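Shared chain: subunit A. Partners: subunit B in the first complex, subunit C in the second.
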Partner chain A sequence: MSVLSKLEETLICLKAGRVTLAYPAQAEATPENFRGRPIFDATKCVGCAGCANNCPAREILVFDLCQEIRILQYLGRRCTYCGRCADVCPEKAITMSREFENATNRIADMGQKLDLFMSTCQRCGRCFKGAAALDELKMKGYRSDDIAHERWVYGAHSFMESEPAADDIQIELD
Partner chain B sequence: MIAREMFEEFKARFGPLIDRADLPNDRRLFVYVDRTVVQYVCQHIFRELDARYVASIGTDDRPFSGKFLVAHNFAFDKDHVLCSVLTQLPEDDLKIDSITRMVPAASWAEREMRDLLGIQPVGHEYLKRLVLPDGWPEGSHPLRKDVPWNEVPADYDENREFEFGATPEGCTVVPFGPFHPTLDEPAHFRLYVEGERVRGCEYRGFMVHRGIEKLAESVMSYNDIPLLAERICGICGCVHSVAYVQAVEEAAALKVPPRAEYIRTIMLELERLHSHLLWVGLACHIVGFDTLFMQSFRIREPIMWIAEKISGNRKTYAICLVGGVRRDITHELKAELRVVLDKLEREWRPVVEAVSGDRNIQKRTCGVGVADKVAVKSSGLVGPVARAAGVEIDCRRDHPYAAYDRVEFDVITAESADVWGRVVVRMKEVFESIRIIRQCLDKMEDGPLGLEIKDELPVGRMGLSSVEAPRGESHHFVITGENNRPRRWRVRAPTYQNLQGVAAMIKDQQIADMTISLGSIDPCFSCTDRMETIDVRSGARKVWSQKELLELTWAKMDRETK
Partner chain C sequence: MWKNLCEKMFGRSLWVYHANSGGCNGCDIEVLNVLTPYYDVERFGIKLVGSPRHADVMLCQGPAMRSTGQALKRAYEAMPAPKLVFAIGSCACGGGVWFDSYSVLGPVEKVVPVNYYIPGCPPRPEAIIYGVAVALGLVDKKVAPVEFKQVEFPIPIYHPGDLRRENGMVVYEKVERV
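And now, the complex of A and B:
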């Protein structure tokens, strides 16, 4: 009985033949809708920061240098290539590429930085309105990420519930 | 019996002891009871009504109701009902009677509650740290709402070690883990060994606890979490993601379009296929039979490729969002998937036949790691471990979700209750999964992939979801909340229960069988059992202390970096 099963097992191995791929000498093409490294297109990006607010790993940072210039930085360190950013982007400025061989000695190689000129519309010109009610990141305060330390930061003291808003401004009524 | 009838019975028996009850549908029952009778109610449910223990959840509800909440979840598998027994605790008296005397399976959950929320289970016999690191100060409970998600207490002592209990008389200590070649993740078992026999063990794990639940309820939003949940586990990621979205959908009463349900079912079954093939391979590898390990991995590979084609990645499918799925399965993909399934079935059948008769594998697995029906009931064991003991539970049939109520399949069981039984169950389940996917491909109807959610989700509702992962039931509990994120999200992975049964499985067994016993539950966690060195020539014996070993490691690392 057991001898028979040993023979069967041998047969399975023999029938299998050689299946090892000749990778990396010969790389198989990744499928068409593969989710590889996201590529950001600065010419299409309007700087709404929808991607930044919907990134589960919080790998996209936004920082406003001044009223007209916004920096959008993709860090790419912990990015899980889930493709949520590409999904929510209203301008289709993000594409999930077919790149996956991304090993590097310098983690900064993975990042992309966009300096965006923000023209002013009648309102503020920088609003992202998600397709669904769930595509919104609701935190207290406003977003002002720490680009130097590559950290996402939400908040401003004046928005804390327990503290009055902008208490450093004294308005003299007379 | 539906939830309403069950509630009528509860009312007849407990009457005024029930404060409140919620019956959102026929298959869910939330009963609020007074804290003094929790033990009594749980005993009745677990022993007399013979329900299966699922999980206990603690939550800080102070910002909303001013109180803490404790929920003990049970499953009535034959009646298809999930029942939650809830209790409110005032802030100034955080004590609750431990239910571990009647329900031993609740042991870890109550220890976790004590670590993370500071809720004291009165009467619990083994109140050691479970989740928090040993140097974490007493009185600091990270899951409380007033603790920020990124807080590390100032007096956190990184170097403090876990204190193990006394070694039983006549026993030698063999450390198993935290890193072991047969395990992929860290967990430490301190085995008490008499000769070659294991007499007992003490466990210390949770070394890679990542605080995902806290992140979810403080800085993430509803649609971020499915993608985070998927990373809880490298094997059954899609299971966690589906379980989470289903819990949210249930809480918010969202009805998912049928096509999305079919796609979820197909992805879950694809995941089961790859996981079962992987596990059978690994189990063979652990007992030293690498031929079959290679063959299972070879047979498994096309599954990974087709998953990549459908979802965009081999393993982390990232296919679920609240209200639906992100990607469609087109006609071309359907045709390709059928071809893959045919090939898999053709190749897997001879493997099952060959292994069924292989006496080498049977000798290593028969009678090893036994967990019988009693152990299954008391430790709350799930999945193939329970089914191998003849306990016929399967969430796909008992608590149907996604499209499982529209497909036919058999629940595979075995009677031997040992590792061999688990091998048989998992090998045969592969065919059931193939059958399920084929039916889904036939029945899948056209339609939208997801719901349009225009409004914010209702606040303060509860949702339960049990999803049958390849290694057992994965249970998620969600309370919806403000600011587009849940108030509380609790994940009970199958290994959480199954690991609690390991101590009983390995007792009085050969130490060499430890690896396969542990491997047989398919634990989601690794070992340097090199604590003692013997100089062969002089026979001199030296026991290295952990400190010495650490210093040795650091010295070596320094040498190599220079």
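And now, the complex of A and C:
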């Protein structure tokens, strides 16, 4: 009797088949509403910096190189893929792609950097710039995120690519 | 020959230690999902161990926080020498949305050196398997930095260094035509 039950169990086990997904060889399609890495389209972007103002992780940095060139930099490292930048974009220049295979050994690989040409007002050719640094902060759509002085934006080494990251903070071990 | 066979078969079997230093448990659930029969990373020889002293790889989730930074560092120091650290999720890669909070020190790479980053909030189980496969050398990484540059400047550039104040007006001394 017990032998028969064991045989029956074996049969059940053989009938069960395999459920394991052979992932790197064979992929499963992502769901329709899956939000992956945002893709920035430089040809559509008008440089309004609405995405930078609405990013909860303060992930998109905007700064003006000169009067005509605005640089929009997406760091990609602490993006939570909330899709708010794609929602707020008036020109639909940001699309949330469905790619998720973003593993990398350099986090700078996730970054996207756009140089945008901003045309100036033809009246005088000069934009208004505030007298003090605080006035710049009050201007709508303008973020003074200076990448060269990224230390001031974040106050830590590990956010900068040039600086070694580990042991940024001294922790004493007992 | 037996030794060669063993090295070939067990050479890349990573034993992972799962360290959460203050995340929201979203990435933990995805990591445990990877160990389920559906995704089954044990076919790569990956095994979850309970102690950092047995581990080759530390999977970090959550940012390094003021309260857990020391414990994370101690767990890293306790691992035997050829060791890898994976940062899983946005919090471990870059600090997450709370990167400037008072209790968050920042990404885990501030405390321990990170070898591989798996961004996502949380990353899909496939993304974690993909990161492990990148580390094992089974697949190549897909992402590359994107840079869009303007090559032509239709109108002259004004350098701030060339600005000169004169009688309450700003004068551009040099106009560069490109």
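Quick note on the criterion: the second predicted complex is superposed on the first by the 109 of 174 C-alpha atoms of A that agree within 3 Å, B and C clash if a C-alpha of one lies under 4 Å from a C-alpha of the other, contacts with A are read in each partner's own complex, and residues count from 1 in each chain.
Throughout what follows, contacts are C-beta pairs under 8 Å (C-beta built on N, C-alpha and C of every residue); 3 or more make two chains touch, one makes a residue touch a chain.
Source: prediction; values computed, not measured.
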Query: Is A:Arg84 touching the first partner subunit B, the second partner subunit C, both, or neither of them?
result: first
Message: Per the contact definition in the header, classify A:Val19: touching subunit B only (first), subunit C only (second), both, or neither.
response: both
Message: Looking at A:Ser2, would you say it contacts subunit B, subunit C, both, or neither? Reply first, second, both or neither.
response: first
Partner chain in contact with A:Leu11 - subunit B first, subunit C second, else both or neither: first
- request: Please work out whether A:Ile107 is in contact with subunit B alone, subunit C alone, both, or neither, and reply first, second, both or neither.
  value: second
- prompt: Regarding the shared-chain residue A:Pro56, is it in contact with subunit B (first), subunit C (second), both, or neither?
  reply: both
Task: Give the label of whichever partner, subunit B or subunit C, reaches more residues of subunit A.
output: C
- prompt: Which residues of subunit A are in contact with subunit B in one complex and with subunit C in the other?
  reply: 19, 30, 56, 58, 80-82, 154
Field: In the complex, subunit A residues that touch subunit C
entry: 19-21, 23-24, 27-28, 30, 37, 40, 42, 56-59, 66-69, 75-82, 99-117, 119-120, 126, 154, 156-159, 165-169, 171-173
Subunit A residues touching subunit B - in the complex, by the definition given at the top: 1-2, 4-6, 8-9, 11-13, 16, 19, 30-31, 33-35, 54-56, 58, 80-84, 87, 96, 131-139, 154
- line: As the complex stands, subunit B meets subunit A at residues 219-225, 227-228, 231, 291-292, 294-295, 298, 301, 308-309, 311-313, 316, 318, 321-323, 326-327, 347, 350-351, 353-360, 452-457, 483-485
Query: Taking the complex as given, what residues does subunit C use to touch subunit A?
result: 37-40, 43, 64, 69-70, 73-74, 77, 90-91, 93-97, 99-100, 105-107, 109-121, 123-124, 126-131, 133-134, 138-139, 141-150, 153-155, 157-160, 170
